[in-house]
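Order as written gives the chain letters A, B and C; numbering starts at 1 within each chain.
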Amino acid sequence: MVEAYAGLVVDLVAAFATFYLVAVGQSIVEKSGVLNLAIDGVFFLATGAAVYGAVSGLLGFKGPLVGTLVAGVIALIFGLFFNWITTVLPLSQGALGLSLMFVGYGLGIIIGYPARMKVGNLADYAYPADTTTALATLLAVVAFGVAAYFMLERTSLGAAIRACGENPHAAASMGVDIVKTRLIAGALGFLLIGIGSSFFPLMWLRGWDVKSYVLGYGWVAYTIALAAGRHILLLIPFSLVIGGLFRESVRLQAVLGIPVDLSKAVPYIAALIAMVFYSMTKLKKTLMPPSSLGKPFYREERTI
Amino acid sequence: MASIKGLQSSTESDQQPIGDNTSTPVVSLKRITKTFPGGIVALDNVSLEVYRGEIVALLGENGAGKSTLVKIVYGVYTPDKGRVYVDGKPVFFKNPRDAIRKGIVMVSQVPQLIERLTVAENFLLSLESVGLASPFTLTSRISKFIERESEKYGIPVNPEAKVWSLTYTQKQMAEILRAIVIGARVLILDEALTYLPVIERRKFTKFLLEFKSHGGTVILITHKIPEALESSDRIVVLRRGKIVATLGKEEADAETIRRHMFGEESKRLTEALPRSKPGKRKIIVVERLRVLDDYGREAVRGVSLSVFRGEVVGIAGIVGNGQSELVEAIAGLRRAVDGRIVIDDVDVTNKGAKAVRSIGVGIIPDHPLRLGVSADNTIVENIAALFSKQLVIDWTEMRRLAGHVIKKLNVKASSEDDPVKTLSGGNIMKIIIGRELLYAKKALVAYNPTRALDEVSAAAVRGAIKSRAINEGLAVLFASEDLDEVLELSDRVYVINTGQLYGPFDLDTTSRDEIEKYMVM
Amino acid sequence: MIAGILFYATILALMGRNPVEVIYALARSFVSPGIVKDFLILSMLGYALYVSFKGALFNIGGEGQFYIAAIGVIAITLSLMPWSPGQSTAKTILVIVLAVFVATLLGGLWGLLAGVFRGYAGIDEVPVTLLLNYVAYYTVDYLVYSIFRGRHTYGYIRTDEIPEAYRLNYYLPPRTSSGEGLLGSLSSLAYQFLREFALYYAWVIGLAVVALVVYFVMYRTRLGLLIRIHGSNSDYLRAIGVDVCRVAVATLALSGSLVGFTASLYVLGYLGRLPYPVEESTANYGYIAILVAWLAVLEYKLIPLAAYIVAALRDAGINLQVAQLGGTEQTFISIGLLLTVFTVVKVFTEYRIEVRHSG
């Protein structure tokens, strides 16, 4: 009985840690006004990077922590490029994101596949599946989240990031350096996306397959971020519930008595309902997307 | 007052006038000339000196050059000729940030605050840009600081409130306090208080005097004479890019100022178009209408009016007094919070533009590029969207209509398939006017119907509108910032000021002076 | 385009691969008969998404609309009107027509649903259509697992095969003798293309239908005009008294129904059954078509060209695998980089105009 619960905790923490960190990262990026539709590609790229880091003995270091670090750094570089180019050029952020999503899939295979082939069982390089690791991860992840929330909501930097997402022109006139601020948001957000993604092969699946790009778990994180209105603290219950629903869809169908496939659709329907709910209540003001999300940062001058 | 890190301008090269602190103006402008593309001279050799501890009002009509003048001081524009001096030293501002670092801060009519941030967070961003905060400064610390400053200057501001939850007055209070907190010595108010109700505005007057007593300087831009008289020590009147009068507090009275503002213009006789004979039936009826603007201010405050069949009713007023919102509400493009709009005996209040359009109402809106055309689409497509009602569009017929509009209004376009965005502003306006005149069967509701047109075209448009009213019984309601246009075209005139309607005035018995008085009071 | 290829070659060289070989393999795909199938499907879907993109509605829900429609085909052909030996030709035709019709309707409804969220609840269509993709996947999975589970599937969970009578393919015999030299191989290649087109003859007709419908709706009807204006300035629509919400709903419904139409032809002309779970074996056409519409710069005439390029690049992935030069990753990277570079370069051509504007 105790083991069963311990197993549940380990499973849940893995799903939670993955989704929460990726969703927090995504929220930080989007709060700065950059629409990130490359999320699923970056997610897969980071899982490939995590596998590479964990097994290939980079500078003599191996293991899950190295994997997480490499995933974070690779995602961060990706994010710096993405946030930079979408801010300095008036291009379609949505289109660029989707294009780069494919690049992410490709690079993920290139980085991860040879490394994966080198070792027999990836579980040997993954985080230990015990309650101590799970609880430590839970604490660390929540601490990260709270720190991100504090930075975003209580500091000058956080105000600047949100200002860039709301009204970059007004922010610029107040003296905010839009490019610099979005670069910081991109670095930080994508770092978290990378770290979170690394938990997917190294803690959740404890394995990795070239074909896992089709799973669209990056899109799930994107959905969670949207459903919780990009609110860093609200993301905790959302990630837990939706992550849990994913991880435990078999158990869920037993409890609810609905078919397993329909229970898989529940998180998505829940997210849709959550969004409709916000749009109709007072929460709309707090949780609605940043006003300038996805809009190029340049001004049309023409008037009559 | 918060201190500012001194930053010297890097372009000090000329000889500097030397003088002691008391007699050196804080800001002085020497022989400033500014011309805009298209050859419009906004400022013509203007010189002005503003001293420490005084409140100077810049008065003038729309287009007199007062906004351009302060935007030069604030680093938004650079002058073509002339120089700006701060504390007697020449400065060259590349952007407002340079001006802010010299202690010059502008607050404009539209609050430049970020809606979803708190007041404290907005302050923090500005403080960081002048080096008074770091990226890791906590908002809680700033809140306390704001509370202290708020008490010191007697400006009530709640630092924890989200900006979107504030009223317009509260936002402007926050703007002004922010200006002080980031170290303003010279506060430029570009119509920042002009559209506040008088009672609200008086709260600011008290504070401005307080600021002045601390050695602050205020440059107040307005076209409302009472506002200028309320608090200023000196009134500078601009007309057509030139300073035409500088009046001390004692010598200034409303009548003198008005004469200077409008100059000989006001004496110019306008050739009114022939009057139409209004019918018996009321086509447009507006009752106690109240409408909010984009910032939640009450822009239209209980307006009632009516337009008879075949009658042209003009609404005079200076821009921003609610006429744009009034026209939008009647056109079904803006919600009324109270009151009633009836067109051709149909109650169309808050029924949307579709209800209004289906009666046969032509609309020439404010914001023509947003509400008047779809710029990426062609001329004929813009016309077909309004005229074609069947499932399948009869493009031959639509081409005919487009050709008609192009010919009738002499639009400079190579064909009706030109995308609208390739046309000049004046030609886009002609497309809108032509299309709406063609569409209007019962009524025409218009805002600045001849904007961006040259004099000849504008006169032709006014003639066309009038003849539709006289010959076909079209009921026309229009608002215009151009008083001459109102006097020329209207059968009956109202004046709108701060959302309230005055009149109607009979043009046979009312002088132009009287109408102007209502516009600027 | 050229910039994209050069950039890609550089990346390959950095990866230690011979760019010439890889690019040769890529280039070969552009004349490979294997791309006909993808070309036809992607052209149809490209037009379907063109409709919504023209209205500035970013329908990324093609995947969901595709499979929800596909399940309609399964329902009609296997469950509601199953084939019985010796049934009349008239009935066969009726079933096929009905299957196509139902699929079109279902795709349209799935699009309409997204449109309602967008139009009336004001939620951005990107997350809505994306979420609905997953709802569609799992709904289809559920149906395949339960009521449409096949009995003749060798133990696999999937639907039965759609009967041959309902399949829309025409097989040309392979040509036995081909001439000598360049001319011979060219004529042989042409014949292979012809065989592919014959095999998917229904899609050729389908593409013609979709292209004509899209052209007619977008450029001859009031709805099409309103959609195009919605894409440029929806405030203008409001000002002339158009219900903007309804335009959004109609746009997404139309786009979805064209996706549904395409899906029905895909199932009847190629797939023949639905797998389980569907999200793990999808060809991702719904997503790839986004790239087609985008690559065509939303120009009506360029959709087939864009579909051809994307189809060739997809095929190249397989070619490369055979040549042991890589695999799926090359497809992803080449498509991704091409589009990335395209997106960025496009800005520079537009930006010049903007600068002149403000000048």
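Convention: a contact is a pair of C-beta atoms (placed from the backbone, for glycine too) under 8 Å apart; a residue touches a chain by one contact, two chains touch by 3 or more.
The structure displayed is predicted, hence computed values, not measured ones.
Undergrad: Can you name the chains that touch chain A as well as chain B?
TA: C
Undergrad: Return the chain whose centre of C-alpha atoms lies at maximal distance from the corresponding centre of chain B.
TA: C
Undergrad: Counting C-beta pairs in contact, which chain pair has more, B-C or A-C?
TA: Of the two interfaces, B-C and A-C, more C-beta pairs touch across A-C.
Undergrad: So which chain ends up in the middle if you average the CA atoms?
TA: Taking the mean of all protein C-alpha atoms as reference, the closest chain is A.
Undergrad: Any idea how many Å lie between the Cα centroids of chain A and chain B?
TA: Using C-alpha averages as centres, the distance is 45 Å.
Undergrad: Measuring from the mean C-alpha position of chain B to the mean C-alpha position of chain C, what distance in angstrom results?
TA: 50
Undergrad: Measuring from the mean C-alpha position of chain A to the mean C-alpha position of chain C, what distance in angstrom results?
TA: Centres of chain A and chain C (C-alpha means) sit 28 Å apart.
Undergrad: Among the residues of chain A, which ones contact at least 2 other chains?
TA: Within chain A, the residues that touch at least two other chains are 302.
Undergrad: Touching residues of chain C toward chain A in the complex: what are they?
TA: Spelled out, the residues of chain C in touch with chain A are 15, 58, 60, 117, 121-124, 126-128, 130-132, 134-135, 137-139, 141-142, 145-146, 277, 279-280, 282, 284, 287, 290-291, 294, 327-337, 339-340, 342-344, 346-347, 350-351, 354, 357-358.
Undergrad: Using the touch definition up top, name the residues of chain A that touch chain B in the complex.
TA: Against chain B, chain A makes touches at 153-157, 159-160, 162-163, 166-167, 170-171, 173-176, 285, 290-291, 302-304.
Undergrad: Show me the residue ranges of chain B that touch chain C in the complex, using the header's touch definition.
TA: Against chain C, the touching part of chain B is residues 331-333, 352-358, 363, 365, 370-377, 381-382, 384-386, 388-393, 395.
Undergrad: Across the complex, what residues on chain C touch chain B?
TA: Contacts found on chain C: 220-223, 225-226, 228-229, 231-233, 235-243.
Undergrad: Quick one: which bits of chain A touch chain C in the complex? Just the residue numbers, please.
TA: 37, 41, 85, 89-92, 94-96, 98-110, 113, 210-211, 214-216, 219, 222-223, 226, 259, 261-262, 264-265, 268-269, 271-272, 275-276, 279-280, 289, 298, 300-302
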